[in-house]
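You will see chain A twice below: alongside chain B first, and alongside chain C after that.
Up next is the complex of A and B:
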């Protein structure tokens, strides 16, 4: 490797300096702050008191926090193993450019330009037990006995909130569609001459070549599942009986109760889980390191 | 070449920093020279809030009267949760707004403890305190210092649809809970849903009913007795029963849903404060407003609570951040005194229907709104006024109340376990 001159080194440092400063200010410092405050009892206003690992012990002794971890795992699994595979399936279908594919692409992507708040409120109305469309539909098709208070049921509310979200696949579908369109047509022509069926072509050509995009989508979907907040906050606020509680909402509620130390500790646990998810998915897809 | 460019870059950076520094100094000097003082006032009394219109006019008038010396700039934040969060983070970060609004009770305590609020005691002792009713300044006093201004007051009686009650043969609202549940059964039998209840967010309407039940069972000093008092379990048991008389979406419903049912005439009763009067007038369907009346929550004969006992509280306190600059402090105090002038408060009260803790006198031409008048009468005739549950317990209990409540309503917990849960949270 060629040795760099002092001027080149200064140049590199100068180029990197802005991002280092920004990264330190907006990532390193907040994480450090979070870590430090997680060892304190602090109401956010007055002087904090050092309590060691007590906040972490309190969290793991709290059944609501343990449930929120479980719920977050459910969210990330739904994101990674239902939402992304659905997006792959639709993207592969649309990549073949069937009739009306552009319209379908727009339809699938459209919810991404609407705020989560608006979509959540719309789904609250759909799920409403009194005037909601879901119960209305069930009545219409003669299944009135299946009508429920979907957002006020101990067993159904969590799946109801998670499930509607996984059908919003537009964002991942666009990423995968863009990747598929970059695959040279010749690969498919050759496979066709060799007698490969459509399904074989997708399995042996498309999927291996879009592996990196799938990995990216899975990381995004699973991390989103881990930091899930808006939908839950708007639709159920963690209820009923904490059944839909997630870690960020738990953290938010602790802040609301002036327990910033506990909120920081749950933030650190969330961060660690996020690192595990990213490393785990990358290992799963055996993502190679770029060589300089 | 690179060294030369690097040198240029460093020189330019130093120049930029110096210029910005001088600009900053210029601003400080402007303040010191007695130029216009800008008072920052993040407010929730904006947008659709019933006080927004008159408050806006009052601030405009103040700015006009103090042209070129003081200007109050309102930062509009309509959502209270977002507002509260912003105030808390601003104060934690050391940038306390000049003036801001806060809720009384356990929520204000950390602000008082922070030491970042202006001490208004000396100003109050100059005669300002005479404007306030009774010993209401106690709600804003911490360690013998008056750290805020109690402003908006509320009682939360029962708002009910008189017409729907008449339809099932009732000319007046029941005075005891036994009669109340007979009435609920009758309404239910006639296909009318009696109550608007909710468990989401802060479970507001359910929490207010719980507060009414608590003093009905345990008397006005119920919160001093603690969770071991049997009144807490008894009240929980009755509250659970109330959910048999509400809408099917009550578990999981928020305030908008509960209010929507009442305003559209789907339910007969909603418990809420005077700020809701404006919505009854503007959002109620058809002749709804004329059908609505106000009543005391019922009482339990033979229990510790008295008939007519009210759940009431200081709804809003106005706080001011402590100031280093004496001129600025004087400007803030001047504005606060202006807001508490009886004539200004009277205008706010008449227009919005809200109640205030500042003494006002109604003149001949001052027409008080019908429902507001009924609420004032109930408040004046009340043998006692107790704060609501959320204000009287620690913040974590208040936050967890809705979840524990829905757990009880859905049968996961008994009333005893519900109280045990609250006790556990309280002990943390």
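Up next is the complex of A and C:
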């Protein structure tokens, strides 16, 4: 380590001060706050009382909270095991640079720059039983008997709310496509000479070489499945009969009924699940190096 | 013998040709499906925003007889969309500037100098990328209340600047890492101090990274909903995202005006994306986001 002048030392401190303040205020303090208040009963006004792990017990005894964990897990599995594989498939196709691939790459990313709120309201309209495009489309192709009240049905609403986003693959596709494009062409040429089919090439060359970005994408997709809130809040508000309740919405509702201790405890459970996802996916892909 | 070999090769070629067309067909079906899936809902939204409510109810997929630009006027008048737009612009621009200044300064220190605690700071900040920030609603709400900032634009500006820091640092630091040490040393010989090296040498050379960070941060601020809803309550401070959420209540019967409002809210994001596409794609691909 080379010796820094006193001037540079002061400079470094000054330059790091703003980020230390902001990061502490909006990341470290909140996480510490959640951890502490999750052991208290607190309505936000009167003095908090220490209740130990009672909040956590209350949560795990609440069937609505258990259902919201289940729903989040379903959501993250859909993200990791449907959305990401679809993105890989599309990326492999686009990596062959067919006509118009750049245009397709641009368009596939559109939903990622539009706010989740706008997308959710749009899909709420698409699913609407009266004027919705989905029922309209079903009628148009002669499948009018499949028309449903997509957001009011006890069994259909959860898949309806989860699945539409799974087919928006642009974000992951771009990350994976870049990784595929960086694979040296010679690998494929050699494989071609050895008589490997295209499918074999993708399986034995492409997939192993893009392992790291698949791992990253799965982590992002799964953490997204954990933290998601807007879709259910806007489209169903957790209904019908809590069938689409998710953890952040649960937290939000507890917060609004001034049960801050319970809200904090569910926040901590969410953060712990996030850590499990990251560690778990890394294990799955045997990625040791710290990424992201 | 020769003839047989020849015909085998020829047959293989024909099979190859057939199977190639077949594979291409699969490829185009897949690509076409995703194109339709991405575009069709948006097109439907825009077309519906130009219909009367009667037309929408009668035939959800039909085209309008006459284009109802009236809906767009309604969207502005009923919901005060102009005000919401202005708020979003003020919040997004200020939060982006603050975020990028803070993260450039920090990235410069982290990327170009060695000091005690550097690893710790960087590890903590990068871990921040993966924190589901929506879990932090309670403490952030209380923090903002205690600072006396509830229902102000400053509350959103501070929150967005802070929550975007991990990603911005990751992108900008990545670019600053690639600047050769010699340029900096030349600056030192010319008598530049810590600050002059920053704004005369490092900052101009990291422009591409900074633009990428600006693009991501701006989109994040423009589209953010949870904290906008949580930390503001009055029309004077609400952003577009919270606004369009409440349109769905205001326009309980006037769906087509609601569609118009959503269309308006989407346009800046799409326009920004089309202009800054290169930065976004390079941000996602040049190792910035994927590590």
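Throughout what follows, the second predicted complex is superposed on the first by the 262 of 292 C-alpha atoms of A that agree within 3 Å, B and C clash if a C-alpha of one lies under 4 Å from a C-alpha of the other, contacts with A are read in each partner's own complex, and residues count from 1 in each chain.
Operating definition for what follows: a residue touches a chain if its C-beta (ideal position, glycine included) is under 8 Å from a C-beta of that chain, and two chains touch if they have at least 3 such contacts.
Everything quoted here is computed from the prediction, not taken from an experiment.
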Tell me which partner A:149 touches in the superposition: chain B (first), chain C (second), both or neither.
first
Dominant toucher of chain A (residue count), chain B or chain C
C
Under the stated touch criterion, which partner chain does A:230 make contact with: chain B (first), chain C (second), both, or neither?
second
For A:267, decide between first (touching chain B), second (touching chain C), both and neither.
second
With the two structures laid over each other on chain A, which partner does A:11 touch: chain B (first), chain C (second), both, or neither?
both
If we overlay the two complexes on their shared chain A, which of chain B and chain C does A:256 touch? Say first, second, both or neither.
first
Classify the contacts of A:80 with the two partner chains as first (chain B alone), second (chain C alone), both, or neither.
neither
Check the residue A:165 against both partner chains and state whether it touches chain B (first), chain C (second), both, or neither.
neither
Check the residue A:130 against both partner chains and state whether it touches chain B (first), chain C (second), both, or neither.
both
If I apply the document's touch criterion, which positions on chain A are contacted by chain B in one structure and by chain C in the other?
7, 10-11, 44, 130, 255
Can you check the complex and tell me which residues of chain B touch chain A?
2-3, 6, 9, 85, 88-89, 91-92, 110-111, 113-116, 199-201, 247-254, 257, 394-396, 398-399, 402-404, 406-407, 409-410, 412-413, 428
Taking the complex as given, what residues does chain C use to touch chain A?
23-24, 27-28, 30-31, 34-35, 37-39, 41-42, 44-45, 48, 56-57, 59-61, 101-103, 105-106, 108-109, 113-115, 121, 123-126, 128-143, 158-159, 161-163, 165, 169-170, 193-195, 198, 219, 222-226, 241, 244-245, 247-248, 255, 258-259, 262, 265-266, 269-270, 272-274, 277, 280-281, 284-286, 289-291
Which chain A residues qualify as touching chain C in the complex?
1-2, 4-5, 7-12, 15-16, 18-20, 22-23, 25-31, 33-34, 37, 44, 89-90, 93-94, 96, 98, 104-111, 113-118, 121-126, 130-133, 135-137, 140, 167-171, 174-175, 177-179, 198, 212-213, 216, 219, 223, 226-227, 229-230, 234, 248, 251-252, 255, 260, 263-264, 267-268, 270-271, 274, 278, 290-292
Tell me, which parts of chain A touch chain B in their complex?
7, 10-11, 14, 43-46, 58, 64, 128-130, 149, 151-154, 157, 236-242, 245, 253, 255-259
